[in-house]
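The following pair of complexes shares a single chain, chain A, combined with chain B in the former and chain C in the latter.
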Partner chain A sequence: MKKHTFAGGIHPLHGQHEGKAATRGKPVREFVSDSVCIPMDMHLGAPSKPLVRKGDHVKIGQVIGEAVGPRGIPVHASVSGLVTEVGLKQQLLSNASMCVTIQNDFADEWVECKGFGNVETAPADKIVPAILAAGICGMGGACFPTHAKLSPPSGKRIQTILLNGAECETFLTSDHRLMLETPGRVVDGLRAAMRALGVGRGVIAIEDNKPDAIDAMQRACRGREGVEVAVLKTKYPQGGEKQLIQAVTGREVPSGGLPMDVGVVVLNVGTAAAIADAVVDGKPLISRITTVTGAVREPSNLLLRIGTLFADAVSGCGGYDGEPGKIFAGGSMTGVCAPDDSVSMTKATNGIVVLTEKQARSQTQLPCIRCGRCVDACPAGLMPYRLMHLCVSGDLDQAVKENVKDCILCGSCSYICPAKRWLAASFKNAKEQLARRS
Partner chain B sequence: MNFTAILYAALALGGLGVLFGAVLSFADKKFAVPVDDRIPRVREALPGANCGACGYAGCDALAAAIVSGDARPDDCPVGGAKCAKAISEIMGVETPQEEEPLVAKVICQGEVGVSKHRYDYDGFPSCQMASSMAGGPKKCPYACVGLGDCVQVCKFDAIKVVNGLAVVDEQKCTACGLCAKVCPRHSIRLSPRSATVMVHCQNRDSARQAREECMKACIACRRCVKECKYDAITVDDGFAYIDPEKCTRCGACVKVCPMGCIKMLEHH
Partner chain C sequence: MRLRLSTGPHLHATETTRSLMQDVLIALLPAAVAGIYLFGERAAVLLAVSVASAVLAEAAWQRLAGQPLQVRDLSAAVTGLLLGLNLPSSAPWWLAVVGSVFAIVVVKQLFGGIGHNFLNPALAARAVLLTSWPARMTTFFLPERLVEIGGASAAQFGDAVTSATPLAKGGTAIMDLLLGNVPGSIGEVCKVAILLGFAYLLVRGTIGFHIPVLFVGTVALMTWLLGGDPLVAVLSGGVLFGAVFMATDYTTNPMLARGQCVFAVGCGVIVTLIRQYGGYPEGVTYAILLMNVLTPLLDKWMKRRVYGEVKQHA
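Let's turn to the complex of A and B:
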């Protein structure tokens, strides 16, 4: 079978199965905590407006945050019970987030949900509104509202929908388990998105380190119209949107452009499963699979309610194994560091990775010896060693000319650098400064 | 030795030199672009640090803009009144009104041990980056992050980070304002040099939360407002502000502030 890939990239934690060995054989298990704290700004776009007050009683699936603006999405209660607090709380973002805390009564009372029963018979023009009503945003990490992604501006023709099941990020196995355990939901979600956009081709792309998932998806695709599985080489960042498009379709997204410029929409497999639930059963997005791994007693793939605190998720895995040094929301390559375990998981938290103090210790930077390994590794074709010099010295105009904005912040350069230089961090800082400037 | 060959070579090269010289001097006169002689003179009057605080690429660009009328004679924030006066004389316009000289002041006292800690930041040394990570390493969302983005942009070596807090050397500061622009927390404000009595806090949170965040936070208790005989202090947005025009530097408010966030500094 042909295996697709892109130029550049690295093999992080290669000798240790990308850190996935601890959880990839473990079936998903549901864990429900005593209380959840649901932020109103989980998605990219204007934060939702809270609709409940302290003391209200809510059911699962009840809208507790109203969508604001064109990219806004509603937020739903993920447990039934009593609202104990509505207020600002510091989450992972720069500013404190408006959060609704709900005490779980474990009655698991649902609001009434009405779906279309079958994705193939659901009216095509009702699919995107159903996705919006279910509050679905990109579950691979970027949290881009899915209804906005599936409503391309007129003039852009979409020919292919790519489902991203690469899961190239270290430690994470949540998408792997999802594809293995419920492949039918993933294909249903893909078909729903294809019908909504009127697209004839859907490809599910999976890295070759998940042969069981490839097998399961291929079986689920049999007999479904226009759906196929593409096998990718295992390499980081194979799941980067632009790298994935390049590998599967051979098309290159232009600098500063979007996937829709080359006729492609990329969705995460988790997002597809959520779309299937929204269209078939009319159920909103209230839970997701999260890999909790690293320095915890019992690394697992948990089905967690949105808004579960990191501390509760870790206690669901038997607690910490030793003193935690760093907690990542996401994998260790692109994840964000959490200040402590009091933050909530969001719709995009695909993993909670705990590192020990020793693993988390940062290394001393040494001078660049111009070996050029970062240039070989860069999947965007940049010259990181040169760009870092420009970014650190403050010459951002020249850095823009040398395409710092095309950096996807995958961190391959920092990982491969023998002098342990903070390359990707300096580009992130430069991109933030440029964003502030405009 | 063949002297004639040397002579011919010297004559040929010399002749070419004379010929090209003549062509160049003709072209210089014929195709000369008239330059306003005021540009080099204005450039001479500017400080010449090329800091870019005026918004132009450097002093040359500002000089050209002043002469062409795109910029005003007092647009150089570094040169101050003296520079504006000299440029106005060159340009033959009225000297702009002399303003109170400004200086950059850090509106925070949250040094290590004073401001409460949220987490240890051990990444890329940038305030912008640290403050975008879960609200920054200090609990107060209005505090100086102390990783020196302002130090990096200062062209005059006037800012240092001491004990996790930016400190301005008022002797060296030229009030170019680059530090105030780059600070992600807006912790640096350009204030008149004579405004020595200031509230060094701009925490907008409730009193209880502010106290949880920092030991020297303004809790908007309004004791300074009651104490001030000159109506110079106002409390909006959860923190006190002293109007430098009304303040007489009597120091009464400094004594009553329970949190120690009003300070009286030496006037340089």
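Let's turn to the complex of A and C:
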């Protein structure tokens, strides 16, 4: 079978099974905490407006945050119980987030949900509204509102929907377990998205380090119209949107453009499963699979209610194994650090990874020795060693000329650098400065 | 709970500057051992003196300049060992000291330290020694001991000391060239040891194969085109040592693989031209140094295609 791949890239934690060995064989287990704290700004777009007040009683699936603006999405209660607080709280973002805290009464009372029963018979024009109503945003980490992705401007013709099941990030096995345990939901979600856009081709792309998931998805695709599985080489960042498109279609998203410019929409497999739930059962997005691993006693793939605190998720895995030194949401390449463990997991939190104090220690940055590893690793075709020099010295205009904006912040250069230089961090900084400029 | 905060990546490759330098030192070990076996105690003393003086020179410079002490990265040790292996066993100990100090202080530190030198420090120092003390640098002792395996026989050289370089003598048996039964610099004579080191560097992923292979391949091809014996050309003098350990110096060769290929071919062409038409019997040192100088230009000229770059239509 042909294995698809892209140019550049690295093999992070190669000798250590990409950090996935501890959880990839573990079936998903539901863990429900005593309370949840649900942020109103889990998606890219205007934060939702809280609709509940302290003292209100809510049911599971009840809208507690109203969508604001064209890219806004609603937020739903993920447990039933009493609203104990509505207010600002420090989450993973730089600014404090408006959050609704709900004390779980474990009554598991649901609001009434009505779906279409079958993705193949659901009216095509009702699919995107159902996705919006379910509050779905990109669950691979980018949090882009899915209904907006599935509403391309007129004139853009989409030919292919790509489901991203690469899971190239280290430590994460949540997408792996999802594809293995409920492949039918993933295909249903893909078919729903295809029908909503009138697209004839759907491809589920999976790295070859998950042969059981490839097998499960291939079986689930049998007899379904226009869907297929593409096997990818295991390489980071294979699941980067642009790299995935290059690997599967051979086309490159133009610099500064979007996937739809090459006729592709990319969705995460988790997002597809959420779409299936929304269309088939009319259920909003209130839970997701999160890999909780690293320095915890019992690394697991947990089905968590949205808004579960990191501390609760860790206690669901037997607690910390030793003193934690760093906790981040996502894998070790691009994960976002938590200031403490009282932050909430969101719709995009595919993993919670705990590092020990020793692992978390930063290494001293040494001078560049021009070994060229960053150049070979960069999937965007940049010259990271030069760019870092430009970014650090403040010559942002030259950095733009040398395509710093095309950096996808995958961190491959920083990972591979023997001198442990903060390459990706300097590009992130430069990109943020450039964004403020315009 | 005190947690660290940073942007990703949160874990890094295990390779460090120090581990890479350590790999180069390990790769140089067979050549050093062979050199000491062949040339005896004198060689061991020279190698020790050059490594020690390089490390001390770097430490002293960093102390005097108020820089953080970074000799732990082992790069000075590599420079010292490379220089020592490039000396003839006849060299006096002070020649090693002068060479090492020049390599570290003038070529490396004055230009900004590790990663900023534009010439290979060991080679630049060797070039300086070669022009300053030409007789001392080209007086090659015959190996004190010869390796006799299979068809290799003791090479028939008239004198124990020869002032001509090995390249000046024709007709040496291939096996003697391979094993090091020839006069020459301490580290360059035993090709088997160099190839062993090359294999180690490849397995460890420290260097790619393209620079050494293209360098040596170009020398073979050019020599053949000019009517010489390509095998003897490749196995004589410092071509193999230079191609494996000198031309592959990260800092002084281009960053893009394409540039590195041009660099390697350029080295091979210049070596052959110097050997065939130049005043020197050997040209590896100058060939690599000249290509070192061209490296910034190669880096500037060679552009990479960026992902998603829209083709410019005229």
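Please note the rule applied: the second predicted complex is superposed on the first by the 438 of 438 C-alpha atoms of A that agree within 3 Å, B and C clash if a C-alpha of one lies under 4 Å from a C-alpha of the other, contacts with A are read in each partner's own complex, and residues count from 1 in each chain.
Methods note: a residue touches a chain if its C-beta (ideal position, glycine included) is under 8 Å from a C-beta of that chain, and two chains touch if they have at least 3 such contacts.
Since we're looking at a predicted model, the values are computed, not measured.
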Checklist entry - Does the superposition put A:Gln90 against chain B (first), chain C (second), both, or neither? => result first
Next on the checklist: Quick check on the superposed pair: does A:Ala380 touch chain B, chain C, both, or neither? Answer first, second, both or neither.
Outcome noted: second
Checklist entry - Regarding the shared-chain residue A:Val343, is it in contact with chain B (first), chain C (second), both, or neither? => result first
Item to check | Which superposed partner A:Gly394 touches (first chain B, second chain C, both, neither) | outcome: first
Checklist entry - Looking at the overlay, does A:Gln62 come into contact with chain B only (first), chain C only (second), both, or neither? => result neither
Next on the checklist: Which partner chains sit in contact with A:Lys428 here, chain B, chain C, both or neither? Use first/second/both/neither.
Outcome noted: both
Next on the checklist: Tell me the contact category for A:Thr308 with respect to chain B and chain C: first, second, both or neither.
Outcome noted: neither
Checklist entry - In the superposed arrangement, which partner chain does A:Gln363 touch: chain B (first), chain C (second), both, or neither? => result second
Checklist entry - So, does A:Arg436 touch the first partner chain B, the second partner chain C, both, or neither? => result first
Checklist outcome for this item: Chosen between chain B and chain C, the partner touching more chain A residues is C
Checklist outcome for this item: Check: chain A residues flagged as touching chain B and also chain C 336-340, 362, 425, 428
Next on the checklist: Using the touch definition from the top, list the residues of chain A that touch chain C in their complex.
Outcome noted: 7, 10, 12-13, 19, 170, 242, 246, 252-257, 323-328, 330, 332-341, 353, 355, 359-363, 366-372, 375-376, 379-383, 385, 403, 406, 411, 414-420, 424-425, 428
Checklist entry - Which chain C residues qualify as touching chain A in the complex? => result 1, 3-13, 15-17, 19-20, 70, 73, 75, 113-116, 250-252, 255-257, 260, 304-310
Checklist entry - Tell me, which parts of chain B touch chain A in their complex? => result 118-119, 122-124, 126, 128-129, 131-136, 141, 152-153, 184
Checklist entry - For chain A, which residues are in contact with chain B within the complex? => result 90-96, 336-340, 343, 362, 394, 422, 425-426, 428-429, 432-433, 436
